[in-house]
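Two complexes, one shared chain (chain A), two partners (chain B, chain C).
After this line comes the complex of A and B, so read on.
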């Protein structure tokens, strides 16, 4: 559905531009087509990993969105991801309802939690928010284990209900995750051009100019964090749906840091390929390097340092000849 | 509950909160020094302290070598300082350009150190005691042990030494100048890098000392020390994140508050409590609880 939208808008634009072939748009369509056809070739485990990749790609997008529009770092987005995942699980256990109900609920919960969390540091510089997200990430495991009655404690909960009964589970997980990812990417591309998106960017780049137009910095900070948390919670709902289970094991302190790693590795870009790279990096590396467990943090750490340094490489050249900053 | 019973409960809680609070304060001082001079939040602080504590364990317990405790500590201090220098050199090219990018890079360094600890020492949980005789005496309802006194003495020595360096030496004057106005310092020909390096080294030493002193009360594993640093971060936020006395007092306040919370409310929600403290402080006292009492200076 979303893909046909993409195709139509793309065709419309092609004709508007007098038939000039837009390579970027075509390759994007090709990528979506390949992903749509992948289940014909891929086996069960690969399909499962890919579904998780899509869900994680969404979570990575939520962190990238915060960096892009808010200029802020979060290492605690695992909290909002967990919120979405547990919302799906608890709605199914308590009310017996499927993801049709819990997905919108997860988005609302994430937005609410994001608002409450971002509000206290609205007037402070981003580092205060970063420190608060660290506390958020460390508090998450004990909350999940402490409220055993709802969360199932250490064992967690299972998610069994289908979205559409009758279709094989693996295919459902795969296509739901892929569909939401593509829709979110389209929405983000639209958001970049929208008045709201531009207002947020202006509040970050030119706070005084933005203030003159009635957009205060603190309003911009709260709203971008709220949006980002809602997206993270949506990602969490899909993670829960795609993996059929939620447990504190998947939400340790490091899962929040890893989301940031995924975002940095995808250069904080908000496009579909970037999100896939980030999502794949944090999903597939631990899966395929399971024997080399302790090397994973080192690999991630090196990736974080190297990418951060190279992304600011303009400064490297300036640094070398003089031996001093500035 | 009777008043006498309440006092009998509260006094030991206040005392042990004060002791652990001193250590949170020492941890927070390291964070604040780095932040004041280079505007970077050092997320590798806890991981570096953890590595240092494991080095002391490895070299004094016989798992790598069996040196005396003192020489193991000297070795650990050397390694911690070397790692601090390396991590500063890594982020040096971007430290003036973007606080955000440098802060992310320190997270990367922290991950590398975390992985290194897990690789060398595994996921074991070990004990690492201080080499002080186990003595204790009671003063009214408070039980004072030799460990408590050691913590107090070391904390006072460290904080006093730091105070003398910052107030009396040329380096200290430079540190204060850089944290007030880096641009003016550079115009005057001050080498910002050496001041940054000083604060990073001081941060590493403070972190290691805090870790070595806190570990005897719990145990040492690859996750305890990094999560202990949440207390240090909270102390720094309570103190305003850019005030050294604020960090020290914030540490003690956090220590006492945590003890009261875990005794009267719920010990299993410690980190959630700290999260609440951070959010409330940011909302109502964005420049720290002591802003008015001490003012902005160092």
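After this line comes the complex of A and C, so read on.
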């Protein structure tokens, strides 16, 4: 699989002959090349922000994946993100091990949590499911503060261990986050063509037809939630690694809402550029909003209402331009 | 527990189905023998699709039993019946708009595929080989119905006739043991209907159960060896085309008030 596949979210694009595929391939290579070389030019804060942006892009992808392949929205994905972030921090504090161990562990924990959540809620959909995910996001701060002994309570925990000792921390954060993001985008492009990917898309668009082909609704629901939560948890692990810290502040109820808004902003697409747009949104907007002071809760509230209304309408994809999505 | 004779083919006995007070099927029985194209006709609203949904597990009748090749189907859902080798098409086209026609047909092979979750995200040689094989089979099914040239188009860019044929391609692609087609000729022009009938006859194998639901009497008469007639949820006649043509109740239904169907 080539880097160009990052741009390919649909078979139709693949079959476009000649010039356009080459242009897409080139622009994608160019984007990855620029990102690889960026640390030569940029430094300090910009590099740090970009690392966070990559990690956040992964979190946005996890929500977009749920929307695309599951046809559902979640406003509680910050729960799974926090799970991954705290896994990295706790593994370091308790066991003294780096992300070599905690990254795979975060994926497994996320998958497990996604499965555990999906199983009882496998018959819910639309607004009901969204509200169920909201419960996760609401419970999160309580859990983080309640298990103070492990989570460090309000203070949170620091993450200090390097992946490869000797290489500057900023570069490690940057390249690890970028590398994982690129790999995940490639994997998602591959997934679109896989048996499971096709089956999930069918189950979402035509549940009855899918059942008649042996694809049950509960299989589809449990599968997509497990996958999406695993990705969210991986994203969280990288957020922790990239920011060197975890605390309840980063995982409020509204970070779940924000992930969904970020996914909408990136048009729920699963390509590298779309993920970067969503990631940049999540990274930058809260910072700017913070300057709005008293208005913040109101802006968050408006965002929540809008997102809930969209979820209630049942179909985010209506807002996509014709042809790409459906 | 199975009596002789019922162990072959797809058998439904005494199916009754009601939605609230609306009795859609009343004590309906039919036997679909392998190697024979069976037709089910009846005016609109007679309950053909409902019977179909009972056979495929989408609806569960309040009464009656159904079995396939000696296996009791009662209590099995659509996915489990699909695993028994029963496939179907939908009267209301059920294509996924995000997928190309070829990919829509590929989904019909889901139960036959062995590739696991790992290869869903990481390309492996085994997956490549499988992908090639299933694409070959899907293309063969599309060719069989004469729509291979539309393989890479999106459903929204295609006429209903082509989608109807693709719906059938998806039902036959996994080489099922029973195929149930709900109004396969609806929306097709005369030429496409001819091609479809030829394709269905070519499809016929001695061990295949094939049921075609239609309200077009002429098409069914030409295609089928065995015909059932449903009216207001009641099976009013069954037999060969000649017997059906001469059946007084059928004549009344088709030449009487409901003649416009």
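Going forward, the second predicted complex is superposed on the first by the 268 of 326 C-alpha atoms of A that agree within 3 Å, B and C clash if a C-alpha of one lies under 4 Å from a C-alpha of the other, contacts with A are read in each partner's own complex, and residues count from 1 in each chain.
Simple rule for what comes next: a residue touches a chain if its C-beta (ideal position, glycine included) is under 8 Å from a C-beta of that chain, and two chains touch if they have at least 3 such contacts.
Note that the coordinates shown come from a computational prediction; the quantities given were computed from them, not determined experimentally.
In the superposition on chain A, A:169 makes contact with neither chain B nor chain C. Using the contact criterion defined above for the overlaid structures, shared-chain residue A:301 touches chain B, although it does not reach chain C. Shared-chain residue A:196: touches chain C; no touch with chain B. Applying the stated contact rule after C-alpha superposition, one finds that A:208 touches chain C and leaves chain B untouched. Residue by residue along chain A, chain B and chain C are tallied for touches, and B comes out ahead.
In the superposed model, A:216 lies in contact with chain C only, and not with chain B. Comparing the two complexes, residues 325-326 of chain A contact chain B in one case and chain C in the other.
Per the touch definition, chain A reaches chain C in the complex via residues 1, 10-12, 15, 187-188, 190-191, 193-199, 201-202, 204-206, 208-216, 323, 325-326. Considering their complex, residues 56, 58, 77-79, 82-83, 87-88, 90, 94-100, 102-104, 106-111, 113, 115, 117, 119-123, 127, 131, 134, 152, 154, 170 of chain C touch chain A. Only residues 67, 71-73, 75, 117, 119-121, 123-128, 130-132, 134-136, 138-139, 142-143, 145-146, 253, 257, 260-261, 264, 293-305, 308-309, 311-312, 315-316, 319, 324-326 of chain A touch chain B when the two sit together in their complex. Those residues of chain B whose C-beta lies close enough to touch chain A in the complex are 35, 39, 41, 43, 90, 92-101, 103-105, 107-116, 118-119, 186, 191-193, 223, 226-227, 230, 233-234, 236-237, 241, 266, 268-272, 274-275, 278-280, 282-283, 286.
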